[in-house]
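Order of writing sets the chain letters: A, B, C and D. Residues in each chain are counted from 1.
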């Protein structure tokens, strides 16, 4: 903990970093984002296993970017997001300084994003057993049972878009749901509107979602729509050998293999 | 009518519920699913959740549905035929187990829907809705009704207020309105004579944390404050706070047509969204989140009291509980009160 | 507010026979924004087009829907008509009521309903169409001709004679193709090489023609007027500038027993060789598969004997690049090796040969110097049997089509036999005699009546050897299927003409379509016989379907004219149906967020970056940019873009969305 | 009672399947009239949301068809499309959208007969499945009171 505070004091003091994005303690012991701009702000920094928000969501936020060089305390999911964001030209070495936090709460002072890339590639992007079981359970259902399952689960969704807002990859200035000529996604939150929104969201995250669960944690109604993203991660592995955020090179869905499976095409 | 006090035994509560269902009222009551408690239509008393400080969503959806048809239209030879929605089939409904802070919200919402033109659909729903509130014996760090003029046993807005009178599980019933009286009439035998219960001793204690009048006066001079940007830096601009709020009334109008016919619906909207004020020209008067956050606070604590002489906040604390990034309203209001302009 | 005109065509009876055209027009007339809706017998006819023009003028139409045949057929026609009436041609759409409706469904309610749906869909689409200006692109006035047979030769000469450059690519060591293998040609019996070789020489000497023999197309990029071709010149192990073609190397080459392809394996050639004496260019190549030096690493006799030291053993393949404006495909055909007829014993009995082999026997420049001697023992056959349709018109053998040329060359073969072998007896087994063509029927009759060739209508069931004779068992269907048995000395199979090995690979390189038998597909069976579906690529000769010489030559000249017409313009207009990235006024500038993922989806590398800057040069935003010169309009990026920041003219989000809505809803 | 006539929308590419369907016409091969074709430049242009929209507007079945691998007029549009379909199908399947109602096929400009066969078999299959009631049921969202339902 002190190591992190000292590091941040140093970064802010020396001016290498203008704003440092970390965690602090919020209401009722919950953890939330802290934006340290002065060395003394570092005092508020904390880190423990309850720090689950994906802070990478802030590196594309205008008001934060305007402050200048950003620093960020990055857990594995955050690091993955940052690499993917770099691949998508939303952040670069000239804009961010990454202080990695390993699963064992060890600090890594990354020199640049390619070091971050190297680091994350030691780990597979794989969904946990609990969710794998849940997906299996869904697979065992009939199509109609799954349909009913989702109608029931998505019914409460009132389209507050917390899932979108909390996702580092949903940084578009104008989301497709806000496209109204034509109106791709119905604005109201009704059965078909909700269905279409969640399908669209899942498709747009194929090959980009890094399974941080920020969306699900953000949902005020605890809707398990992140299962859709997890299924996409599973299938990407099944069909194309999986993916990892990379700084350059092909993106899973903007490329192809001549021998991609086509047993479903006559 | 002045408040009539009665006594309801623990085991009579279910009987009362069943009596209401028997009178084929649509009864909304708190049900817990996926760890979230919200109002759902319930016919079976056993499904009702007892252990909750506050529901995730307010009960506003009963009178102000998140998606509501307001008219049908159809192209025909002479142009477009319009058919306003028929408000007759609106059910007689009862909201069971809402908190006093929610009940207060009814009035604040009503003020918005009636400040100039009267919203027929909304009023029709309100007229057919009876509120059976339960006062709060517990509060959490998000609650601040007492700071905005309410209290854990507030009768304002409710038709009947039930207060749990100690471990025994019996209730003090306050019949506040005629609608309340009608409920009692549905099962008079269950409403016994009040043995003289001291209500206050069973209510949660929640000292006020700030003065809303002070805040209101402060806000007049606070528009340009740096505080907004500081507070909202971590806000990610979703609509959760507005959608769980008992008094947020903003809605969008959408025409959904399939071929030559369709419906005009109104659906919830939120001032937290970046597109909320986006002009066709591409100009957005509230370009950044700090401006949207400011609008939210100003609207509830300055504009509404000024124009509608009610506050846009009941202190229920839902926005803070529901916020993905812990934008704690109470905390922010206190800091507004503390910063010097 | 749009003013749409709907024009429903009966196409004579083609549409109106199954679709109630009046009803379609009347229903369409009721749709929002449709101010004019009529039906007419022939919309594509002059009066039909006048109806459209008049309506545009009188009612000030903002959009036109012509409900008739496939847009692939008449879209240009009707767009031109609209343009002439002052309406932007891209405000005209077609509903395909013929190919997709009237021709494929029975008469009735449902069919008319479908027609109405299709019209409504296009009406809603055209409302969303944008006026577009065609894109102007420069034309490289150089043609690439692939294949140096008679078709390729003719096309090259015709184009070259209009004053344009031609690159002629031939995969063999000499041009000439199959025609150079033929003996005499029907129906005039003039010597094939005598009429061909002067043309071959002309090609070699023509200032406008660059000839690459022993070469193949490696890859092709670009589009009409602006192709870039990479051509692989296989190593000939020879410095052609130094070689005089004296032929010493050939006479001295120790490897002499290589079956000659030119002679259909009836003769031999050396390892360093020219395919045939009149070859153009008349300079040898070394066949590295058989050359001792390349196999064993020693020999080099040719190098030693070469007076000009022209042999280059270390020579490597060379890739040459050319900017090309148009392409003529003239790769010809092959003859199906009849080994899929075990019952005829081809390959088992040396004296059962193909028609093409017979051509070599009958040719004065052939292995037998034009004498008909049978391969086995060189004896002159006293009885010879010709079997027409060896494979052709035989679904069981996978070749249901007629190879077209066999009837005629079989008659010629029999006739030549009778001329060369006096007293010889010749028999022709046939299914039908197809002798359509000037002097063709007369030619066949001459064979039968004057030269006494015996024609037997029926198929041969079996051929087997019995003491030195080939027993041909067949039936004469004109005599009530009476069994026929002929003791022949030699049998000639008129085996089917088929597409070249690997023709589909070439088609894929060029993005032209091909038919079920891998012959290249013409753009329209009647009206665009030399065009392909890919603009700027044309067809000549038997690569499109089996053809005889006059047809191939005519088609070649046709293709040449198409190329010449193309080259007569300095600029051509391209359909502006391409993608573009959204741009809009400040403060948004563009809804593109610059994720750049579209860049790798583009098959043409047409997407790059654009930097939006303030007046004083500060970067505001970096977004994707489509290069209109490279974009071919596939729309792969459009469907991929998350923010819908890329859209494609002609198939905009608004258009396709409206189509889906209109298709499934009543209006 | 009359046989159920499914509404089927076909999303096809201009160069192969559209041309193939033209050939079906010129060859006068008859097929079921339930299918309506929407023309796209390439399967790569076909937006997955359009397929959902088709169901949302009441389609009972969908055909998506384009050029065979390697035959794409634009070299690789169909390859990109295929990869998207793979993921899209799995997603829809998880969401309970019946994948038997979306038929994918390659039909070349030369396969007029195959087009007829694709259409007919699709119509037969969708008939067997019946109208897509399950999806329609979620469409009448405005016809009932949203919360008092």
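Assume a contact is a pair of C-beta atoms (placed from the backbone, for glycine too) under 8 Å apart; a residue touches a chain by one contact, two chains touch by 3 or more.
Predicted, not measured: the structure shown is a model, and the values here were computed from it.
Greatest Cα centroid separation from chain A: this falls to C.
The count of contacting C-beta pairs peaks for the chain pair C-D.
With centres taken as mean C-alpha coordinates, the chain found closest to the middle of all protein C-alpha atoms is D. If you average the Cα atoms of chain A and of chain D, the two centres end up 33 Å apart.
Centre-to-centre separation of chain B and chain C, using mean CA positions: 74 Å.
Rounded to whole angstrom units, the spacing between the C-alpha centres of chain A and chain C is 52. Along chain B, residues 66-67, 256, 258, 265 each make contact with two or more other chains.
Within chain C, contacts with two or more other chains are made by residues 588, 601, 640, 653, 657, 661, 664-665.
Within chain A, contacts with two or more other chains are made by residues 176, 184, 188, 190, 193, 253-255.
Listed in rising order, the residues of chain A touching chain B in the complex are 26-28, 30, 32-33, 35, 53, 57-58, 61-64, 156, 158-162, 164-166, 178, 186-190, 193, 217-224.
Per the touch definition, chain C reaches chain B in the complex via residues 32, 584-588, 661, 664-667.
Touching chain D in their complex are the following residues of chain C: 70-73, 96, 98-101, 103-106, 110-111, 113-114, 117-118, 121, 508, 511, 513-516, 521, 525, 533-534, 577, 601, 603-604, 632-636, 638-640, 648, 650-651, 653, 656-657, 659-661, 663-665. Residues 48-49, 52, 56, 69-70, 76, 79-80, 82-99, 103-106, 118, 134, 138-139, 141-142, 146 of chain D touch chain A in their complex. Contact residues on chain A toward chain C in their complex (touch as defined above): 88-90, 171-176, 179, 181-182, 184, 204, 250-251, 253-255.
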